[in-house]
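Residue numbering begins at 1 within each chain, and the chains themselves are lettered A, B, C, D and E in the order written.
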Amino acid sequence: MYARWVLTALLAWPLITGVVVLLLPARLAKYVALAASVIEFAISVPLWWTFVPDGGMQFIVDHAWIAAWGIHYTVGVDGISLFLVLLTTFLMPLSILGSWSYITKREGGFYALLLVLTTGMIGVFVSLDLFLFYVMWEVMLIPMYFIIGVWGGDNRLYAAIKFFIYTFLGSLLMLVAIIVLYVHAGRATGVYSFAYAHLLSNAKDLGPVAWWLFGAFFLAFAIKVPLFPLHTWLPDAHVEAPTAGSVILAGILLKMGTYGFLRFALPFFPAVALSQTVQLVIVILSLIGIIYGGLVAMVQPDFKKLIAYSSVAHLGFVMLGIWALTLQSVQGALLVMINHGISTGALFFLVGMIYERRHSRLIAAYGGIARVVPLFAAILTMVSLSSIALPGTNGFVGEFLVLIGAFRTYPLATALATSGVIVAAAYLLTALQRVIYNPLTQHENENLTDLTPREIAVLVPLLVGILWIGIYPKPLLRRMEPSARALIEQLKPGTVQAPPAGAGAGAGGGQQ
Amino acid sequence: MLLSPALAISAVLFTLGVAGVLLRRNAIVIFMCVELMLNAVNLTFVALAQSLGLGGQVFVFFVMAVAAAEAAVGLAIILAVYRHKQSVSLQNMNLLKDG
Amino acid sequence: MTGTTVDLIWLAPALALLGFVLNGTLALARPTAKTLVSTIGAGVLLAAFGVAIAVFSAFTGLHAPTEAPVVFRYWSWIPVGTLQVDFALQVDQLSLVMLLVVTGVGSLIHLFSIGYMKDDPGYARYFAYLNLFVFFMLVLVLGASFPVMFVGWEGVGLCSYLLIGFWFTEEVNANAGRKAFIMNRIGDFGFMVAMFMIFWSTGSLDFDTVFAHAPTALTAGGTAITVITLFLFLGCTGKSAQIPLYTWLPDAMAGPTPVSALIHAATMVTAGVYLVARCNLLFALAPVSSAVVAGVGALTALFAATIALQQWDIKKVLAYSTISQLGYMFLAVGTGAMTAGMFHLVTHACFKALLFLGSGSVIFALHRAYHHTHSHEDAQDMRNMGGLARYMPWTTALMWIATLAIAGIPPFSGFFSKDEILTAAFARGSVEPIWLVFWGLSLVAALLTAFYMTRLMIYTFHGPNRTGEREQTHLHEAPWILTGPLVVLGVLSAAGGLLNVPELYHGGEWLHHWLEPVTQPGAALRPEAPLASGTEWMLVGVAVAVAVIGIVGAWQLLKPERLVPARNAPEERGLARILRNKWYVDEIYDALIVRPLVWFSRVVLWQEIDQRVIDGAAVNGAARGARALGWANRWIQSGQVGTYVAVFVVGVLLILWRAMG
Amino acid sequence: MTLTVFWIFGVIAMGSGLLCITRKNPIASALWLVVTLFALAALFVLLDAQFIAVLQVLVYAGAIMVLFLFVIMLLNLGRPGPTDIKGPLGLLGATVLAGALLLLLRPLGEAPLPAGIQLPPGTVATLQQQRGMVGSVATPLFDTYLVPFEIASVLLLAAIVGAVVLAKRKL
Amino acid sequence: MNLNPAIPRDLLLSLLPELVLTGWALVLLLFVAWRHRTVRDLRIAGWLTLLALVSTAIAIWWLWWNRAGVRGVVSMIAADDFRWVADWVFVGAATLTVLISFTYLEREELLAPEYHVLLLFGTLGMMLMAAGADLIVIFLALELMSVAVYVLGGFDRRRARSAEAALKYFLLGAFASGFLLYGIALVYGATGTTNLILIGAQLSSAVRPSAMLLAGLALLIVGFGFKIAAVPFHMWAPDVYDGAPTPITAFMATGVKAAAFAALFRVMYQAFAAVPAWHEIMWWLAVITMSGGNLFALGQRSVKRMLAYSSVAHAGYVLVAVTAGGVAGTSAFLVYIVAYTLMSLGAFAVLIAKGRAGESDVTIDDLSGLAARRPWLAFALAVCMLSLLGFPGTAGFIGKWYILIAATSAGQNTLAAILVLTSVVSAGYYLPVIMAMYMKPEPIEAAHVDVRLDRWARAAVAVVVVGLLLFGVWPNRLFDLARSAGDSVHAVGTTTAAP
């Protein structure tokens, strides 16, 4: 029973409550929104247990929608999307709670948009119909546009429109590609349908068109990821967005790009995606992202920009992991996606919290505040460590898996990518030092107040996530593995090794 | 057969009409040039009617009706404009433009 | 599971972690509860030491030396496909030695810290960090696989970072901590790449499986194993402060002195040595890498010793001394003398901890004196010391023990371990002559070691006092909580040699035999290099002579009476100045790597490529271009009907042309 | 013979058309246009369209052009003043564009009509003799072309309403 | 001279909506002749107009419902689903125009009920254009529509801008009519007929189209290109839209354009389906129209001018549907034109609310902070803008999606790609409107105080918004309608492959 309605409920509930929040008096907005998002999370939690890791889609619901074009409302999750859905529902209550005192004008609209955004994001992850997928993909654009544009910083208009147009550019070309696929499959089979499975099984014999289609998908997703050199919307959007916007942007929106690669671009066009040229391009761009993102982050005067560029670097790891197509690297990529959501989300929360007190995001405006706000400093340190992938935190498990997996496919590139860990330490620790260490020189900082219980309530779940995934990621990995395995099996048949007989003994035959 | 010369003359007249529209600034003269174009077309119709049947001549009738209607409305508009600008030169029609 | 006390091994790190959690909570919640903090902080360590001893004794009872290590798998950590990493601890001879050193020296230093740090406002935080360090160090040494070891490996780096920057309100300290972490990360990069290669070559990352598969999976002397071991060694140079990544360690002296003693002398920095010892089989398979290890070790030993000659900061001298001594250890493990390396590791842990704590005691005294008179002189500069023997007899005596130990004067512990290394290097030289060069380098280093240590002693404890007229009255011996641990370490420094008395003196070579199960597989792959006992005696003689020359030479050459306090000291000239400035290595790194990189990142990558080219020219340029086209349209859309007609006719012509053409 | 006459009137039409667009006085232009219309009427006669030719003279040259002249007079545009012909650049542009247009339309005069649709020569003339000059045009007007005829009537009504609205002194 | 009194029943039946409308127009004209002085007269005229339009719609509906009543082509008038659907669009556009005109006329003191008469005549022209199965009918209907709209454009005679707009529109329109007429003449010459279906039959047997036919076809395209404001025949549009009274601008942007497109579709696919030459021309026309419209719109500050260029751009999108052709292209056109009519009218309606008496330009900055003061109005405009942008959830998106499907089905992938790329550009001018309303503060406290719509206009805007959102999520019925309409155009003509 639960399986039949859960995804639909996850999509419908935020939308409905979003409208309710909009219509309610503004002072009630945040309470209702928080309650709604907590309920949303509660609805999603049983997915964790009811999900059966078998590599296939589950919780499938399928209804005809626009019959004339063979459009269905089809949703379902597998091991790849499950955690992204859970991450979304997990981050939303925190984002709402984190905006509690940050948002002071037009609260109703803000929280309503956050809820609508939830629908869009979950929709992207669960859609199994490409029309539905596209609609959801675009739907989340508008709330984000408003969130940045209405509640953002000084330069918010520029950032908002840049974000919108950039994303719009990619997604519209993807739209054409989807339609071309649809027409192609329809011609081949006589069945005109946007169903994922249908298009997937008929995406063959495209000839050179496949390159163009892949290019369109690539552009859409690469902008979202963002891959160098399509990343410049990100720093602006991140810096200008309010805290919750940045958190969701980094935590979930960026994952849509990598998710798109995993779900669509790779399976639809394996021949193109795994051609020498594309592999080379992707690997080089990922590498540039990792190193370049890190180096540029190192010299940012603005903390949020720094985190934004660090996202470029982190997502570079994800791309590398996806394209390496080993079990370790793909699962690692999935894990990095989740980790990045948690850690970078937490970083943005922290920056937002200190911004609320001091109204500056410039690193130079701080210094030595560990003495004044020790708890803040401690948590910032922990989260930073997670972000630079210290073993024992979630960041390490993900990056380690990506790198060790990718090493098999691209040894040299991976070795270079590994140097990203050095750069990561350089930029984040430098920023950390300049914010919480060093002499306390600015008088404004002497009376900062430490974290409030509400803020602690926002951060603690994230910290728990950081440590839990760092120490015991097995429950996640176990649920992902069949799907990752199925994906690789589909793209590179016969390359996935069987797990060793005695798990833990590590006796499996090595490959040289 | 007069068809070919008629078509040629008609094309020349039509072109003259177009050239007039391009060349002049006075709204009324331009309108007259448009009338010249319509008449050129009429010549084509009539010439064709000789080979293709009377339909062509009927069309000319309709064209005249249209020309009359256009003349009525067009001249009224020109008058209305003249009231504002005391001029019918298109050079002075520059309230509406980009920027 | 063995059903014996060995099973309790998890308690050791768990206790340290518990200490961290409790003290960490206190640090945030009630930083003033110092008694509770000290009880927890030192208590967990002593308990862990107790566990270590219990496990050790149970293990000796349990195992014949040749048997395989005991591995405890607690939970499956990263299980993905063939990659199955368990969170597992491994008890064997090697890890037990390290376990004892870490918990033992650690306990002493925790005790010392209670006194040393008692007035510090960050007392609870300090102990939390220290406990956390011990936890990670134990994970490092007990981890049963590369990734688990890596947890500890990076974890100790983190704690080192936190403790170096403990007094973070000074920018220098915070910088030093960051530098340490980043330099370590460079090494960790090597460690990680090595792990990847090991995994894809041998199919596992567990020590037992890797070492079991390595001889078959990897060709001895082949490229793969050489690259793997070189990357591993890159990790070691970071963690153990070897050329070229050593520069962080002197700066790390910015941390509290007990930290320097524990982390930057006794335990953490030796992790690299431990790693090579742990992977001795891999290094045995890669002769080139071994030579590199030994060569870098010997070179570092000499290079750091030269710098130590001209340092005024008492802790800096010790820091360079540490780097130098670590070089010896790498020379040993690179040579294949794993036991010698580990032996020196243990003895060095004792006497270097003693030296640091002794210097800590001195600094403590000076600091207190300056504090009384409210002057802001440098409490660590030897030019402000002198003649302290009068005020601090215990400390002086214990420091002399340590000095003699490090200089290699028999029968102090350092003599045995260092001699073993020199002998091994010389012996290897008979097979591969390059080792004779290494031996020569390290011999010169030994001479310098004796010299600079004596210099330190003379300037600190002998000659006239330069602290200041008023301050002299406030100079005292440190309280018992500081001197107590010193005494214990003094005993160990003096008698540590007993651990592995060579056959030359009819000793039992206990450590050698104890470690044999671990070192044997690697040793079996290396060329035999036996030495005649006559040669050995000669080598001993040379070594002792060198040490004595160093001490006597220093005693004769240095004139503490001529020294002036730091405040009035003139600039050095010539070589002294170069040495004083550490061969300008930091400056060179800064000029060649750091600054260009930052400049490149800021100006080229960010401002030019990111902002100007991508964002400015491409992104906003496209937007501007489109908008400009829109604006340009106003020239045509001018309101003039004439223009409209002309454009219209052009359109007509084009369409006609296309249609009829 | 017919052809010669045809060409004579054709040249007159074209010549006066050219004069129409090049005379700087609007009244002169209008009058030259009237000449063109008359010449065209003559051509219509030669093309067996006598009724249309009559209409041409009555409606076009008579009614419509008078209306034009009336408006020109009303607006007092006949007085000498600056020409409304564009400068040399405009002249050049107009000549080039018109020349190009003529060049593109040139094949029209040469292409024969498809044989399948052509009526035998003289059919129209015969028809007119049978039904009379007016009837041959009027019959289809109320039969085949009933709908367009009605539309034309509505069109004229609309034009009247429009002209009235625009000319009204007060809205 | 013998008049044939026996007018066939079929003809009367097939012209029923037009007859109803004409009848109402005459009634209204009579009313206007007596009562044309007060505001009250104007209102009554408005209500009568609404009544006329509603009864016309009912007549259309009855014919559509009662398909057996009349089918096929009756004496130059086509009676098919395409026509009914198109008629609904025109009647809908006219109805919405009337609804938004009430306030406007009173505010601008245009107390002339002839306005409504002309509106009805214009609508009649449009309906006849969509109905015309003969070039001559199409030409006359086009003239009828144009004459009405010329006058309406210059209706606000007191303002020089309005008069100037009318003059520009008139002169260029007449000029373009000349080309259209010449095209008709040449096509007639090449095929011996002006009946679309006969032309089609004629051409399908012809081996190679003659130069005369090609020239005629080209000139026809020019003539229609002017009415739909395709680049480079678009240049009148911004000026005329700018100067004309705003409700008329809306009417021009939607109804006139839709009618021209409907006729274009019929002509191209019933008569010239067999001539390949025009596809390439249409392709280029579509490309430069989309690019030009969108790029030029970027440079505009005045919302009205911006919407004018935007309507040029949308004409480009529809030209893609024309190029794609087939049942899909035709259906896509109908769906798109429904959506476009709604969103464009909605946008102009809000603009009317924002404008003041004697309005000059409403610039984008004038809308600043509208959302705070008039949330529903801002919401409506935002929905319209998003729909114009082609954002999912709105009818504009469905329409664009349909055009893209049509284009790709016809193998026009490049054209589809160009369409979306130019759509991206359009975000550059639609978004600033939303941005101004929601993200900028009000310039002065009282900026939007008197911004309000009367109940008629509010109803119109509500219909627009609901329609946009409804069709955006649930376009099924619209699709069925468009599909059968598309079929009906092509069933008569030659067979064109369609998905």
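Here are some notes:
Everything that follows uses one rule, which is that a contact is a pair of C-beta atoms (placed from the backbone, for glycine too) under 8 Å apart; a residue touches a chain by one contact, two chains touch by 3 or more.
Since the structure is predicted, the reported quantities are computational estimates derived from the model, not experimental observations.
The chains touching subunit B as well as subunit E are C, D.
Chains making contact with subunit C as well as with subunit E: A, B, D.
Averaging Cα atoms per chain gives one point for each, and the point farthest from that of subunit D is the centre of C. Just to note, of B-C and A-E, the chains joined by more C-beta pairs in contact are A-E. Nearest to the common centre of all protein CA atoms is the CA centroid of chain A. Rounded to whole angstrom units, the spacing between the C-alpha centres of subunit A and subunit B is 64.
The distance from the centre of subunit A to the centre of subunit D, with each centre set as the mean of the Cα atoms, comes to 71 Å. Centre to centre, using the average C-alpha position, subunit C and subunit D are separated by 102 Å.
If you average the CA atoms of subunit B and of subunit D, the two centres end up 8 Å from each other.
Looking at subunit A, one finds that residues 165 touch two or more other chains.
Shared interface positions of subunit E, defined as residues touching 2 or more other chains, are 136, 140, 143, 147, 150-151, 154, 157, 166, 168, 171, 175, 186, 189, 192-193, 211, 215, 238-239, 296, 299-300, 428.
Within subunit B, contacts with two or more other chains are made by residues 7, 14, 17-18, 21-22, 25, 30-31, 48, 52-53, 55, 62, 66, 69-70, 73, 76-78, 80, 90, 93, 95-99. Contact annotation for chain pairs lists A-C, A-E, B-C, B-D, B-E, C-D, C-E, D-E, with touch applied as defined.
Put simply, subunit C touches subunit E in their complex at residues 623, 626-627, 629-634, 636-637, 639, 641, 643-645, 647-648, 650-652, 655-656, 658-660. Only residues 86, 90, 93, 97, 100-101, 104-105, 107 of subunit D touch subunit C when the two sit together in their complex.
Contact residues of subunit E toward subunit C in the complex are 168, 171-172, 175-176, 179, 211, 214-215, 217-219, 221-222, 225-226, 231-233, 235-236, 238-239, 277-278, 280-281, 284-285, 295-300, 425, 428. Within the complex formed with subunit D, the residues of subunit B that make contact are 1-9, 11-20, 22-26, 28-29, 31-33, 35-36, 39, 42-43, 46-55, 57-58, 60-62, 64-73, 75-80, 82, 88-89.
For subunit E in complex with subunit D, the touching residues are 1-4, 7, 11, 15, 22, 29, 75-77, 109-112, 114-115, 117-118, 121, 124-125, 128, 134, 136-137, 140-141, 143-144, 147-148, 150-151, 154-155, 157-158, 166, 186, 189-193, 202, 206, 210-212, 215.
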